[in-house]
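This report refers to the structure that appears directly beneath it.
Naming follows writing order (A, B, C, D, E and F), and every chain is counted from residue 1.
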Amino acid sequence: DFLNALHEIVPAFGASTDDLERCRLNGIVSCGDRHRHIYERAMLLVEQVKVSKGSPLVTCLLEGPSGSGKTALAATVGIDSDFPYVKIVSAETMIGLHESTKCAQIVKVFEDAYKSPLSIIILDDLERLLEYVAIGPRFSNLISQTLLVLLKRLPPKGKKLLVMGTTSEVSFLDSVGVCDAFSVTYHVPTLKTEDAKMVLQQLNVFSEDDVDAAAESLNDMPIKKLYMLIEMAAQGEHGGAAEAIYSGKQKIKIAHFYDCLQDIVRY
Amino acid sequence: DFLNALHEIVPAFGASTDDLERCRLNGIVSCGDRHRHIYERAMLLVEQVKVSKGSPLVTCLLEGPSGSGKTALAATVGIDSDFPYVKIVSAETMIGLHESTKCAQIVKVFEDAYKSPLSIIILDDLERLLEYVAIGPRFSNLISQTLLVLLKRLPPKGKKLLVMGTTSEVSFLDSVGVCDAFSVTYHVPTLKTEDAKMVLQQLNVFSEDDVDAAAESLNDMPIKKLYMLIEMAAQGEHGGAAEAIYSGKQKIKIAHFYDCLQDIVRY
Amino acid sequence: DFLNALHEIVPAFGASTDDLERCRLNGIVSCGDRHRHIYERAMLLVEQVKVSKGSPLVTCLLEGPSGSGKTALAATVGIDSDFPYVKIVSAETMIGLHESTKCAQIVKVFEDAYKSPLSIIILDDLERLLEYVAIGPRFSNLISQTLLVLLKRLPPKGKKLLVMGTTSEVSFLDSVGVCDAFSVTYHVPTLKTEDAKMVLQQLNVFSEDDVDAAAESLNDMPIKKLYMLIEMAAQGEHGGAAEAIYSGKQKIKIAHFYDCLQDIVRY
Amino acid sequence: DFLNALHEIVPAFGASTDDLERCRLNGIVSCGDRHRHIYERAMLLVEQVKVSKGSPLVTCLLEGPSGSGKTALAATVGIDSDFPYVKIVSAETMIGLHESTKCAQIVKVFEDAYKSPLSIIILDDLERLLEYVAIGPRFSNLISQTLLVLLKRLPPKGKKLLVMGTTSEVSFLDSVGVCDAFSVTYHVPTLKTEDAKMVLQQLNVFSEDDVDAAAESLNDMPIKKLYMLIEMAAQGEHGGAAEAIYSGKQKIKIAHFYDCLQDIVRY
Amino acid sequence: DFLNALHEIVPAFGASTDDLERCRLNGIVSCGDRHRHIYERAMLLVEQVKVSKGSPLVTCLLEGPSGSGKTALAATVGIDSDFPYVKIVSAETMIGLHESTKCAQIVKVFEDAYKSPLSIIILDDLERLLEYVAIGPRFSNLISQTLLVLLKRLPPKGKKLLVMGTTSEVSFLDSVGVCDAFSVTYHVPTLKTEDAKMVLQQLNVFSEDDVDAAAESLNDMPIKKLYMLIEMAAQGEHGGAAEAIYSGKQKIKIAHFYDCLQDIVRY
Amino acid sequence: DFLNALHEIVPAFGASTDDLERCRLNGIVSCGDRHRHIYERAMLLVEQVKVSKGSPLVTCLLEGPSGSGKTALAATVGIDSDFPYVKIVSAETMIGLHESTKCAQIVKVFEDAYKSPLSIIILDDLERLLEYVAIGPRFSNLISQTLLVLLKRLPPKGKKLLVMGTTSEVSFLDSVGVCDAFSVTYHVPTLKTEDAKMVLQQLNVFSEDDVDAAAESLNDMPIKKLYMLIEMAAQGEHGGAAEAIYSGKQKIKIAHFYDCLQDIVRY
């Protein structure tokens, strides 16, 4: 199954898995059918790239609301592939650089990938790479032109490349034509009540009686926000409760949990 | 209680408390439930950051009308935490600098924080840091992209960081996606009549008969403006009355107080 | 009274009064209650700044139609205060400079003021300092951000500062948030018929019979335009009449006065 | 009368009259009451500036449709004044210069004027100086800010200055606030039928029978276009007729005149 | 008549006629009354400039749909004048230059013209010189300001200049005020059915029976496109027919002609 | 027929056919009448350019949806012509360059072409060369002006040039006037059901029974996407099936094919 799959494949690649591991700080838990489906399909693309003759370049976009698990998913695919070159391109390492410098760095990653027989490039948080802001809207056309070309440019003969992008601003990407530049697009959703329940059961911080009520209130919550919420609630109303809760000695009080939920959700 | 809490914790941190103290020139008085609630919750976040393993980065936004006490509140949390690194980032020290220089200075503050096991960074007056002006609207996209990345970038292993932002332009921050980049948001309100009354009683510049009438006229007044108004009224109609009033020998005449209120409120 | 007040206080300050005097080329005459009220209130703010402990920075905006007497009024307050540092910041001395140079000069004036125990800074014609033009609208965001910060930044301990601004584009200032950055705002109006009459009587250029008719036609005239109009009319229909009229030997013919009024008023 | 007036005053000024003379290539003919009225009023302003004590700076704008005679009128006032410094500022001598260089040259003209006891500056074709184009609209804000300041800045003590501007884009000037910066504005109109007739009679190129018909078709024609039209018509249908017509041997055929009118008027 | 006129005048001018000849690659054929009328009127302007005293500068705009023959017409007038200086200013020789360099080159052409007693300048494809594009719209304001000034600036005493412009974007030129800057404007139309027939008869590539049908389908075709269409059709359905058709041995098949027309006309 | 035609002509040109061959990675298969028609017409233009005297420059635009086969078509025409100079201009070799550098490179290609008696230039993906993005919209006006001029500029005497452009953003090209700058435009469509069936039969990856059903679901699919889809489906539901399918041992399961179609089509 999904979770097992993660551990069956032993990666052996040059790129540091550390960078990729930091993308899933809370690990990977089972959280529903859609997440599993996307993982499986992405792994098929990994295989397609490996064996294909006609399509040396495959591109795949993961889009979904903020915190839905896109980056962790893409990192997991990167880790689970046995490709010698796996690289994540993120705005975090390019803060404050001029757009032309960012372009050069992105192009460099592609040029490096072209030297490896099998490569994966993760373009994380595309809207941030594009310096997108909704007002205007503004964004870097230099970078978007660069990506539009790179997403169609074939690697040299004999080289294969899988590009995975992530974004929580799919309609923006669409309007600049970057969506269409990807061969396939998968929507990574927030958690439904039953997904949330599955996660809560694995975390084991509520008394059995409260799990259902808690999960009910978590419909449509992104998985990343769920983790933040649980940590807040675990402090307890007056602080100091975290250790007892994580060690299982105590459970989160459902009333306090609701309070924290209020603080974290904006209407 | 709230006021006591302020003095129970003895801060012991490297950053100069002087900068933080200047952010609450008129001290901290009791001014209602909401202000107290926010203070308590923020102190819980301080604790969460300290003990958490899963969330080394917590971010919290204080938003509310101009003068409602956001900066003083954030400074107080900074002072009352026992964190070794507490730093306020403000437009005041960056007047006239180019946006890229501002970016560099902001990044520097974060890099410094990453070196301390426990840090607090206060991003004061975010709309000013972003060089926001409603016409257009215009703002620095360079700085907003920088903040969007910094608010999500994890500190190195073993380091913990609490970021507190303040703003009186929450809808602008929302439209550039900076709001969503914060884990929690608290609304800091103006004073209601009963809050204003509580403050006036502590200041003791009205005769007992006038306090109610004065407080009535102060509904929805931000606390900072209330202090300015009292000072104006304390001069008296023809000047020269301030000393007598502050020493308690005289009281503010309610009629003159109303006059000053007229000057200070715009319709 | 108002006019007496101007001469009762003997100024003794380092700044050149010459600059300030040139701001009221036609002197100061009695021209109605509102002008007097504003003068008195502004003088109270001067005193507040002097004696206050809690508000080392007070800011006050004079807004009103073009030519209504704002600059003359602010200059008069500056002259009549006994503050050692009084400085007018005007676009006239910064023609054609780059916005960043203008910023630097404005910041310099504030830094200088911070060295004096008691200071007044007049920001004259704020829309001109901000390089405002209605089409677009366009303006210097660099300068507006600088002013927004300077209008809130506290002077160093022990120093006191009163900032007075003038503008005839209050709605623009409002839309960039500069209005709200001032503690108090006063509206300086055009002259009503009775105010105009008061001025005409002091000027004594009409025959007694014509003063009422002339004043009647001057409803809503700004005081500066009134002076220009009187000068035009004083030339007479064929020129050469000015000397006779100013020396009192002759009076302005009301018909010619109406003609000139036609030329000067745009519909 | 108007035309006589032009020759009664003998100018004696340092500035080259040549530049000014070239502004009225077709001389000055009588062309109606409004043109005469404006000339007379402008000459009164010349006198006012000379004798006034209270208004060392007078500014006057001539606005009207393209070709209505604004520049010729302003040049004539400059020539007929007896001022030692008369200078025309025109876009013709600043083609292709950067806006800041243009600003510097304009400021230089004002600085020079400040050295003369009595000066006239003609700002010709203000929309061209401001690099105005209707699309957008676009224009140089640097130059417009410079003019806005220069039009209000007083010359040094003892110096007097009359500034005359011309424009055919008064509504644009209005929208950037330059109109309001002038003390007086005069509208220079196109020719009415009777004005056109007066001009045609002086030119004497039609047979007596045709003058009325020709004038009738010229209602609302600017005087400059009228001159161009007459020249076109004077060539005759097959060319070669011009000399005969100007020498008076032949007259313009009214039918051919109508043909030319068709070509020159756009609907 | 029109075609004869072209050869009656023997040009004798310094400028290379080669440049001008290349502007009419397909020669000049009779193509209807309007084209002839414009030619004749333009030649009259040539004469007017030569003999006139009052208008040393005449400017004339040829506007009309793309390919209607404007450039060929202007070049023909240039060739047929006997002016010593005839120069065509075209975007072709300024590809990729910065707008200020383009300005300098345009100004240079005018300065050179000012040295010749009689000059013609052709400003070909004004929208291209102005770097116009409909989206936005965008264009070079630097160049448009330069042209606006040059089109009104008088040549030095004793020099005469005729400026002819061509454009297929007359409404754009209108909106930037360049149209009004020309003294006269002529509309160069597409061909009407009878004009097209006249041209086809001169080309003699259809059988007599087909000429009418072919001409009928060519209503509103610009002359330049007509030439392209004939060349396409002359290849024949399967290629190889061109020589036979131009030598007169074969005629174009009307059915294939209709096919080509389909390809060339966009709906 | 169409496919035969491709091999009948033996190309003999200086430009590397390698670049052109890479433009049709999946070869050229028969895919319907429209594609064949365009190929034949384009080859006629090749001939026209060769034999024509009157039109040394012919320009032709291939427009159609993304992936419809435009580039492969243009490359094929280039390969099948016997022209000594055939060059493809593509954004791929100009990533991140400044627009002026791109211009210079494009101009260089044209200058080189002008040296060869017969040349073909392919301007591939014009919207990418123009740095077009729909938001705004934004694009490089410098490059669009350059292309507008180059598409009309005649090669030197005796040289002939065919320019072929490709684009999937025809309405954008239209709005910047680049469409009209081409002599002929052909629309390259997606595949209709019967076209898709023809392609599937040639690929032979479905069992005979499934071909019709598969083709039915492929109505309006661009040929490039069809190839990607077949490769995805060929992996099989659990991977590992590709080899068996391409070697003909196995067929694609229609159910899995539908699944893949879901992933690839966006609604």
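Simple rule for what comes next: a residue touches a chain if its C-beta (ideal position, glycine included) is under 8 Å from a C-beta of that chain, and two chains touch if they have at least 3 such contacts.
Here the structure is a predicted model, which means the values were calculated and not measured.
K.L.:
Hop across touching chains from chain B and tell me the fewest hops that reach chain D.
P.N.:
2
K.L.:
Would you pick out the chains that touch chain C and also touch chain D?
P.N.:
Correct list: empty, since no chain touches both.
K.L.:
Please state whether the interface between chain A and chain B is built from the same residues or different ones, using more than half shared residue numbers as the mark of same.
P.N.:
Different; most numbers are used by only one of chain A and chain B.
K.L.:
Can you compute the centre-to-centre distance for chain B and chain C, using the mean CA position of each chain? Integer Å is fine.
P.N.:
Whole-Å distance between the two chain centres: 35.
K.L.:
What is the distance in Å between the mean C-alpha positions of chain B and chain F?
P.N.:
Distance between chain centres: 60 Å.
K.L.:
What are the residues of chain E that contact at least two other chains?
P.N.:
none
K.L.:
Classify the chain contact graph as line, ring, star, complete or other.
P.N.:
Graph shape here is a ring: one loop, exactly two partners per chain.
K.L.:
In which sequence are the chains arranged about the ring, given a start at chain A and a first step to chain B?
P.N.:
Traversing the ring with chain A first and chain B second gives A, B, C, D, E, F.
K.L.:
For chain D, which residues count as touching chain C in their complex?
P.N.:
Chain D reaches chain C through residues 41, 43-45, 47-48, 51-52, 54-55, 58, 100, 103-104, 107, 137, 139, 141-142, 144-146, 148-150, 152-154, 175-177, 179-180, 183-186.
K.L.:
Which residues, counting only chain F, touch chain A once they are in their complex?
P.N.:
Touching chain A from chain F are residues 22, 25-26, 66, 91-92, 95-96, 128, 131, 133-135, 138, 227-228, 231-232, 235, 239-240, 242-243, 263-264, 266.
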